[in-house]
Amino acid sequence: MPAAFDEMRGSGGDLRPAYLQLARWLGELPPGFLPQRMREAELLFRRIGITFAVYGEADASERLIPFDVVPRILAASEWATLTRGLEQRVKALNAYVKDVYGKREVLRAGIVPEDLVFQNPVFRPEMNAQRVPHDIYVFIAGVDVVRVDADSFYVLEDNVRTPSGVSYMLENREVMMRLFPDLFARHRVAPVENYPDELLATLKSAAPATAAADPTVVLLTPGIYNSAYYEHSFLADKLGVELVEGRDLLVKGEIVYMRTTEGLKRVDVIYRRIDDDFLDPLAFRPDSALGVPGLMSAYVAGNVTLANAVGTGVADDKAVYSYMPEIVRFYLGEEPILKNVPTWRCREPGHLAYVLAHLSELVVKEVHGSGGYGMLIGPRADKATLAAFRARLERDPKGFIAQPTLALSTVPTCVEEGIAPRHVDLRPFVLTGRDRVRIVPGGLTRVALKKDSLVVNSSQGGGTKDTWVLDA
Amino acid sequence: MLARTADNLYWVSRYVERAEYLARILEATQRLSALPIAYGGTTNEWDSAVATAGCAGAFFAAHKEANEESVTEFLAFSPDNPSSIRSCFEVARSNARAMRTALTIEMWEAINETWLELRRFQPSSMSREEIARFLRWVQECSLRFDGSAYRTMLRNDAYWFSRLGVYLERADNTARILDVKYHMLLPAHEHVGGPLDYFQWAAILRSVSALTAYHWVYRESVKPWLVADLLILNDQMPRSLASCYENIVRNLDSIARAYGRQGPAQRQARAVRTRLQNSRMDGIFQSGLHEFIGGFIADNNRLGAAIAEQYLV
Amino acid sequence: MRIRIRHDTTYHYDVPVGGVIQMLRLTPRNHDGQFVVDWRIDVSEDCRLDAQEDAFGNIAHVFTADGPFVALTVLVEGEVETQDTGGLIRGAVERFPPSLYLRETALTAPDAAIAGFAADARAAAGADPLATLHEMLARLHRDVVFDTDPTHAATTAAEAFALGRGVCQDLTHIFVAAARALGIPARYVGGYFHRSDGVVAQDAGHAWAEAHVPALGWVAFDPANGICATEAHVRVAVGLDYLGAAPVRGARDGGGAESLAVRLLVDQAARQVQS
């Protein structure tokens, strides 16, 4: 594996400009200062943690996602490139979803094979030929981006169903500002705190034509047992909208209402954090108690906006991912700004043969997996693991894709032995409204805290960092 | 606001209030049962504790005998009793979580920390002293939650619904004590029972935290009909039925004003309050204290149903 | 054949129900083999019936009825003129290419037993898909016992196949699962069946399958009767499985326990006029 690009030191070891102030500041710190701040940060989070206690009823505090106090810094020019790339990517994703449920031109042109759409479990036949308000499907996207050198950003995954993590982006910044006012004074860090405002504007812009002038927005949660419940209640609070469960809503005459103390009140836009399968027991899983009976009928009648739309998963599974560069070219007639990791689709016999022959060099992922589970990192796997994975691949080649092992960039991180480089990724949040695309400067940086680890998922020893975008 | 949110606010308050009441009953009973027999400690106070808690049916389905151990376990810790202190706090906390955004941070912390702390109490190994400490802790938790609500909530419908929960529950609790102990409060009783009943009366006052208040209001020794007067008609006394209804009416009025609409809940609450205002203790004694209390409990339940029907579903 | 259908479903609730929402797929559409002469839906409570075309081209109606009430009746009634097309379904509303109907659903996921059944049928019939489908039709009709007892609306194809028993819904699920296991697109059809033995009153609607054969297009197979669809079949709705073509999917607010009474009359229209 090639040496990783360090975002502070670059490849050659010279400080990169965005990190000059941070490096100087780190050099001035008295010994023990950062570890002490780490403890304070943990206390602050624990305090919030006590208030959310979302993970594990048994011991809330243990399940806090570790937070690293050293910020990850992006220069204005880097961010500008990223922004353009993200906007382009999400535009293409939207066009793709619209097309797949509409004219199917992408299939006719032979860009994406038909079975990848029609036999994809997350394709929703129910959405076929239905118009959604303003033709927007992906209102909120969380695009996972990694970098391997000074100039190249790769998209690792497009999350266009119900991406989460934005509450960490906001809370991380709050905690950092409380702990390091001096460090903020030395930088000009673009703010992220307006994200809820931008989200609300996005959601309101997408209200159906039949809605009142000031549309009613709600956030639909599966309830307190969902692992992201804290984020749901946090966002509802910041947005100033009702946090509803399925039982708070009902459908009458193709209109959605919520039950309030003043009677029924019409709902125009639903920011839903429930998976498609559970949205409406009359349309999807009949045993779902989380959804709203008849919601789909109101939706296809055009009387309510769901954000994100139903069936967007057809655009973000890992098999479709490999077609993204062509999808971008097909709909936008542009070259993709963000790169795609070269991907072998094990569904194709030629690709499968290559993957099986090079298993120990590749990362193999489940097409429908997430969270870093069910993944093989070839260079790190022992013989038995490789053999077991080979068997799985041969049994179900369609279920897997493979990619080269990327040397994710590293960022200075406060660990036991001091400040040391650790691998990171980045999830910026892209909001698409009727009027425009909004991206707050920053995102959620996830960091693999274990030395040399490439797995940044919080379920597997990953932590988070505040992400700074410097104002030019 | 969402009907479910209002419902949660209302029930969180009710459950916290109920937990406090249970703690007071247990405390008063513990005191009473510790009295030497010569001072009236003979009757089974634990039976009556179960009755005042309103769960005699459930208790005797699970236990043969009401004694200190079984009743304390059942009313304070039993996970099988949906109205035990533990269950009350657990339900209150899960209701609170489901409407996190409607609570102030202080209220949430009060209820969440109560719930976290609750796990540290191991009922099986608790001495009598530890139980006494536990019961005081329960009352402090309730005070903290109530105080947080009072000091930090916006004065809007969320606040009014949470207050309604407090006062409806409180009225029910006070009425329940009166229902079980009414025979101790009849005017004729003084001649029957004699001064030894002081301890019974004091226990009643204690379970509604009114022993000191009594002396300030009446400035004389404890007399049963005055105890009844204090708990039913005296609107200075925060746990009296009259005071509870004054607050219920005020909060329902606030809701009606804010929503520009009133309904059966407002009308029913006003009717009960008017009846309390127009009553005198001797009149109540004449027409039957027990009947009066029974009628009140039914009215109070009806009002609860009317509020639910009008706002909470 | 001119077929007259009268189908009423009455729900009784133990305690008054607060409200009901239902999605009905109870309206047939025309294709080359059937023409809907007359059709109506009536709901006993005041409500608006909103018509939508669903994903598979079925006509769906959604209604919401506000309680309280203790009984609700949904009545459908009409006449359909049918022709025997030898089981070929042409001129029907098609919203997807056949390959969509290769999707697996929870109710039609094939287990090893069903996959084995399908493979055996193919081996016996040679590689020809039409012959294979006929072979499966005959075997299912012969081997799976019609029995209304052991299965219910949520029984999967694999469960019913293991039991060796079931109703037309179960037989159809097994057929569909087996066809898809062989890479033959297949779908579930809900509708009505006119009995040739003169029995007019029936307990429930009927279900059968359609499979896509390259040279012919969609062909209808009725495993419960062991035949291809004839002029006795009135095709109402199609889907990937029962859930997608279900005549009624509903939810209600309160109402306690619910009991259901179905009255279904399927008769020749001409005969009724004569009597």
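Note that the chains take the letters A, B and C in the order they are written out, and that residue 1 is the start of every chain.
As a convention for this text, a contact is a pair of C-beta atoms (placed from the backbone, for glycine too) under 8 Å apart; a residue touches a chain by one contact, two chains touch by 3 or more.
These numbers were taken from a predicted model, which means no experiment stands behind them.
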Field: Chains touching both subunit B and subunit C, listed by label
entry: A
- prompt: Looking at every pair of chains, which has the largest contact count?
  reply: A-C
Field: Of all other chains, the one whose Cα centre sits farthest from subunit C
entry: B
Query: Rounded to the nearest whole Å, what is the centre-to-centre distance of subunit B and subunit C, using the mean of the C-alpha atoms as each centre?
result: 58
Field: Approximate Å spacing (C-alpha centroids) for the pair subunit A, subunit B
entry: 49
Task: State, to the nearest whole Å, the distance from the C-alpha centre of subunit A to the C-alpha centre of subunit C.
output: 41
Statement: Within their complex, subunit A touches subunit B through residues 50-51, 53, 60, 223-224, 229, 233, 236-237, 242-245, 247-248, 258-262
Query: Which part of subunit C faces subunit A closely enough to touch in the complex?
result: 19, 21-23, 48, 50, 52, 54-56, 60, 62, 64, 66, 95-97, 99-100, 102-104, 154, 240, 243-244, 249-251, 253
- line: So, in the complex, the side of subunit A touching subunit C is made of residues 114-115, 118-119, 121, 123-129, 250-254, 281-283, 286, 293-294, 297, 300-301
Contact set on subunit B toward subunit A in their complex: 1-6, 94, 97-101, 105, 108-109, 112-113, 116, 157, 161, 255, 259, 261, 311-313
